[in-house]
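Heads up, there are several structures right after this.
What follows is chain A paired twice: with chain B in the first complex and chain C in the second.
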Partner chain A sequence: MSDTAATLTQDRQKLEMAALSAPAVIFTIAMIAFPVVYTIWLGFQTFSSTGKQTFAGLANYTKLMSDVEFWHGLWITIALFVLSLVLQLVFGVWLALVLFHAKRLPGIVRSLFISPFMMPPVVAGMMWLVILDPSLGAANYILQSLGLPPSDWLASPTWVIPTVALIDSWQWTPYVALIVLGGLQSLPPSVYEAAQIDGASAFKTFQRITLPLLLPTIVTAAILRSVDLLRFFDIIYITTQGGPGNASNTLNIYGFRVGFEFFNIGYASALMLTLTAIVFGAVLAFNRLRGAVAW
Partner chain B sequence: MKARMLATRVALPVLAIAAVSAQARAAEFDWMKFKGKTVTFLANNNPVSQALLTYKADFEKLTGMTLKVDGYQEQQMRQRLVTVMNANSDEVDVFMTLPSREGEQFAAAGWYGDLTAMAKNEVAKDYDPAGLSQALLKAATFGGKLTSMPMNIEGPIFYYRTDIFKKCGLEAPKTIKDVEAAAEKIKTCDSTVTPFVSRGLKPAIAYTFSNMLHNIGGTYIASGKSSLCSAKGKEALDTYSRLLRDFGPPGVVNYSFQQISALYRGGRAAMAFESSNELRTVMEGGARLKDTGLLPFPAGEAGQVPTTIGWGMAVSSHSKQPDAAWYFVQWATSPEVQKKMALQGIAPPRPSVAKDPEYRKWIDEEPVRKEWQAALDVLATKGSSEVGYPIVANPQSREFIGQAVQDLILKQKTVDQACADADKALDALIALN
Partner chain C sequence: MTDAVNTDRWIRWLNLVQLVLAGVIIMTPTVWMVLSSFKPSFEVTAYPPTLIFTPTLDNYVELTKTTPFLSYALNSLIVTVGSTALGLLFGIPAAFAVSWTRISWPAILTLAARMAPGTLFLLPWYVMFRQVGMIGSYTALILSHAVITLPIVIWVLLPSFDAIPRSVFEAAQVDGCSVTRILWRIALPLVASGIAVSAILAFVFSWNYFLFALVLSNGDTKTLIAAAFNFIGEGSTQWGALMAAATLIALPPLVLAALVQRWLVSGLTLGAVKG
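Presenting the complex of A and B:
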């Protein structure tokens, strides 16, 4: 077979492969792109409370800038994000260190440590709603048994965000711990041996060796948790529905209510696209940070 | 004279012919007409639909149709409905609806099929559409179109512990002032119980608050403007929030029917203002069966104007088989099925069922059931279906009512500030109507 004929056969094979895989590729792209494009299109529409739809241009985005509820929701979202992320990273690293060093810990105990994140958030929300009920729940019973004053937990505008952050951290800290544990297991032992020879204390070893080497892993865990935390919905919807008042009304909860309770799908789409942009922004920022701490 | 002659010679024969033709149609009615079809029912997974769907097989046997049930919790059901209707999809044939909440909105959006003609012409002999609660049928009629058929009758009623009242030397309250006085006395007489509990969760407040507002003599709208800042409006806001703040459980701002029923059933509340539908839940385990009294909510300056609502069954305007869908609606709201549901504790929207001997026997088995039925009779005769503002954006109006009450429970605003802020937001909603 001549070179020209061989090239023609190869080109034909490539074409055939492209043609055969095209339907699957087009279907996949369409499935990803359609909801996004449709939401962008909806963001340019207004829906009256009777469902009547009109093109509104950027009106939804202009409205968003002057919407007190939007700014309040953004503030609540950021507060919850920062508080939960800090708690989960700190306790996640701690739990990972405990699991790493307690090598003789039975498998069942290790499984128990990481079991909360396997629980559906709705179940976790219902469970904590009952535990934290100021009248009927076990939390206040325990506090009072210890001689401490009871708390209103989820019913207090002041404490609702820390309480929700605690619930989320209870559920997701083990997930962070699992990622960090993987990172710990991949650290080079030679560095630790050198530190030991130099007489470094356990704290110094952690501060100067473990933590810097773990940073890329910790940032990866932070990226994964950030996406979820900025879209915080399920636990709040189950426990407070954004209350008391608007004290836990995150952007996602606000957008849901605007769309599905007040039927303003256009404005809700604008809110959700703005939230998506914030999530993308956070992921990009963390990605840059990961690049900076890589070793 | 001419008018009387016209009535005798023209109108009466026409009515007679109409009656005869309706009877003839009823005689021709064939439950098997749509045999082989599948009807999709979007259901709220609440006690009403649960009781109804116990008899799903009976419907399928009677009609030869298949009933496909798409069941969700209340808010998720609405979420699904919004998606389906905005897409003009025919996926749903029949859906459950609360006319008092979303009736104006769904009717204006054109989501309800018009049942007026079908309820008149396409009925089985024993259906008796006139036997359904006229108040509920009226509440489901928008722009002259009948949009849903009532499945049940319900409203908030007053549950109180007769043993605690007796211990504290109290009589059953007759007025709202009596409720406040009883709460005050119970607080000192028995510190182990919560004196009073009602809904404090923001979107749920309007259901119980509306009853208090109407009893006090207030209205939501006066001269086209929101009137929460009227003297009666302020009194209602102040009384409702004060009862919950001073005599309610800690954390009441997160309380809806689940928490209230649990608290009362557990013997930890002396008075509860909660839905009549919760009777079965409250009586579970039997602990409250002998020590509970039930009343419509005690009177205010305007007497008793209880809140009376009911779930309805609507046919989707996008359904491709509205006639078959109507057969399901008709079966589900027929006297026979509603009697069966009543025996499961679903209050019937038909006075004839409420008088049925078998149902009366069930009622007479327990004194608390008698009081429950007596309260429901008052709801049926005196009730108002106004829960929140009678505007298209009713669900949103409930948010602002709830916000005002929560601001007062949490002492974040004065009554004047809370009502003024709510009125401002509500006037904007009314203007959109």
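Presenting the complex of A and C:
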């Protein structure tokens, strides 16, 4: 084959490859990139009650800075994020260790363990709504049988965020556990053997060897969960719609309500862009962290 | 020596206890939901809650009688199957091209889109779809849900395509096969199981997705998830029907997930962890 013929086939191949990616790329640009640019533009607009649109510059963003609901939503979002992430990572690592030492797991057991996060979050919300009902729910019955005071759970402004964190952790701790389990299974067994020969205790082995080696996997799990936790929506919207009062009004819920209940499209766009920046900021920060703990 | 054996047995027993404990915590709420859905209406809200009761299908009957449950289910099926098909149609060739050329930005683009909060696109979609009169159409719903399915398909399939030895393709190329032909005739059969897993995961996450249908559907095209509010109703008297609805909505994803549980981990982490 001559050189020109070779470059010709190479060019053709490049073209064919581009054609194969094209539908996905064009779809994403049409459905995501273009709308996001449109949102950025909308963020600079204000809409009067008659629907008249005017360019407002940074007005929506200055409004954001002085909006008490925004800062409240940011605080709720961060509180829910930190609480849920800590719960899911701690119990996820614990569950992964338990599963790891169980050696053989029948398919049915695996299916049961993945069932919480394979069901729709909306269904999880519906089911916990019934279990956590303040007057007739099974949860309070159990608490009272144990001699503990009942709680108002989702109906309590104080407890609604911890309760939502609990529901989400019930759903996603097994997911974190499966990721960490994958990490455990890929660790070289020679590491443990060396520790055993040295007579290290189980706890010491975990603290000094397993945990540091697992850190990159744990950070990966943290990234995957953070993306969902920072834009928390489904469980809250189905159970409390941000209530009681505004006690569970996360930024995503707040932005959604500003946009689709109050139809303040300009301000909602500014809110959602801010939340998006927070999500990507967190992902980048965790990615840095993953680089730092890699081995 | 016997000491060591005893310690070993004790540790294994302790681990089993923890495993059972975790299993009970994980399963109890779901079991409670299913049990409640079979309780006679006066027992669902009984306090203290009852465990022994005569199971009945009344709640399921009431659900189908008082709500258009079946038409919501059909809507969910149309949107989910449509968006999964679209995700596969766009995602399979894209994953193949990314794996072959090692030019990864198309894959990263779809993933970044998936990481942004859905409300970010929902606002402009709403404005745009309203302008062309597509609010409430299946097309709008399927297109929006394909944003969920596309990155799943691409990222689940990438490792499968990567696993095919290059020599297989190179041999086909020497024989004069075009790239498209290599994808269809050689690569696709080799990644069939990966395609099945990606299709099931795409189906599950499209089925479970709440936000888009909440805004983009109307009374006729409402999906089961978006209709969940209709089942919650007012007061606690409808708990039986509510739990019946919850059970039925959760059933398809749970059954499908059970089928592919073995391959789920690497798929669910979008390739971040080799499971």
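To be clear about the criterion, the second predicted complex is superposed on the first by the 258 of 295 C-alpha atoms of A that agree within 3 Å, B and C clash if a C-alpha of one lies under 4 Å from a C-alpha of the other, contacts with A are read in each partner's own complex, and residues count from 1 in each chain.
Note that a contact is a pair of C-beta atoms (placed from the backbone, for glycine too) under 8 Å apart; a residue touches a chain by one contact, two chains touch by 3 or more.
Predicted model, so just to flag it, every value in this text is computed and none were measured.
Asker: Report clash or fit for the pair chain B and chain C bound to chain A in the combined superposed model.
Answerer: Clash.
Asker: Which of the two partners, first being chain B and second being chain C, lies in contact with A:Gly245: first, second, both, or neither?
Answerer: In the superposition, A:Gly245 touches chain B alone.
Asker: Return the chain, chain B or chain C, that is in touch with more residues of chain A.
Answerer: In the superposed model, C touches more residues of chain A.
Asker: Who does A:Val68 touch here: chain B (first), chain C (second), both, or neither?
Answerer: neither
Asker: Regarding the shared-chain residue A:Ser48, is it in contact with chain B (first), chain C (second), both, or neither?
Answerer: Touch partner of A:Ser48: chain B, not chain C.
Asker: So, does A:Asp152 touch the first partner chain B, the second partner chain C, both, or neither?
Answerer: A:Asp152 sits against chain B, while chain C stays out of touch.
Asker: Going by the contact rule set out at the top, does A:Ser135 touch chain B (first), chain C (second), both, or neither?
Answerer: It touches chain B and chain C both.
Asker: In the overlaid three-chain picture, which partner chain does A:Ser115 touch, first (chain B) or second (chain C), both, or neither?
Answerer: After superposition on chain A, A:Ser115 lies in contact with chain C alone.
Asker: Given the touch rule stated above, what does A:Ile265 touch, chain B (first), chain C (second), both, or neither?
Answerer: A:Ile265: touches chain B and chain C.
Asker: For chain A, which residues lie in the overlap of the chain B contacts and the chain C contacts?
Answerer: On chain A, the overlap between the chain B and chain C contacts is residues 129, 133, 135-136, 259-260, 265.
Asker: Show me the residue ranges of chain B that touch chain A in the complex, using the header's touch definition.
Answerer: Touching chain A from chain B are residues 75, 78-79, 82, 85-86, 105, 108-111, 194, 201-203, 249-254, 259, 262-263, 266, 268, 392-393, 395-396, 403, 406-407, 410, 412, 432.
Asker: Please give the residue numbers of chain A that touch chain B in the complex, ascending.
Answerer: On the chain A side, the touching residues are 48-52, 129, 133-136, 150, 152-155, 157, 239-246, 259-263, 265.
Asker: Sort out for me which residues of chain C touch chain A in the complex.
Answerer: Per the touch definition, chain C meets chain A at residues 11-12, 15-16, 18-19, 22-23, 25-27, 29-30, 32-33, 36, 45, 47-49, 89-91, 93-94, 96-98, 100-101, 103, 106, 109-110, 112-113, 115-128, 143-144, 146-147, 150, 154, 178-180, 183, 204, 207-208, 210-211, 214-215, 225, 228-229, 231-232, 236, 239, 242-243, 245-246, 249-250, 253-254, 257-258, 261-262, 264-266, 268-270, 272-275.
Asker: In the complex formed with chain C, which residues of chain A make contact?
Answerer: My answer: residues 13-14, 16-21, 23-25, 27-28, 31-36, 38-39, 42, 94-95, 98-99, 101-102, 107, 109-116, 118-124, 126-131, 133, 135-136, 138, 141, 170, 174-175, 178-179, 181-183, 186, 202, 217, 220, 223-224, 227, 230-231, 233-234, 237-238, 252, 255-256, 259-260, 265, 268-269, 272-273, 275-276, 279-280, 283.
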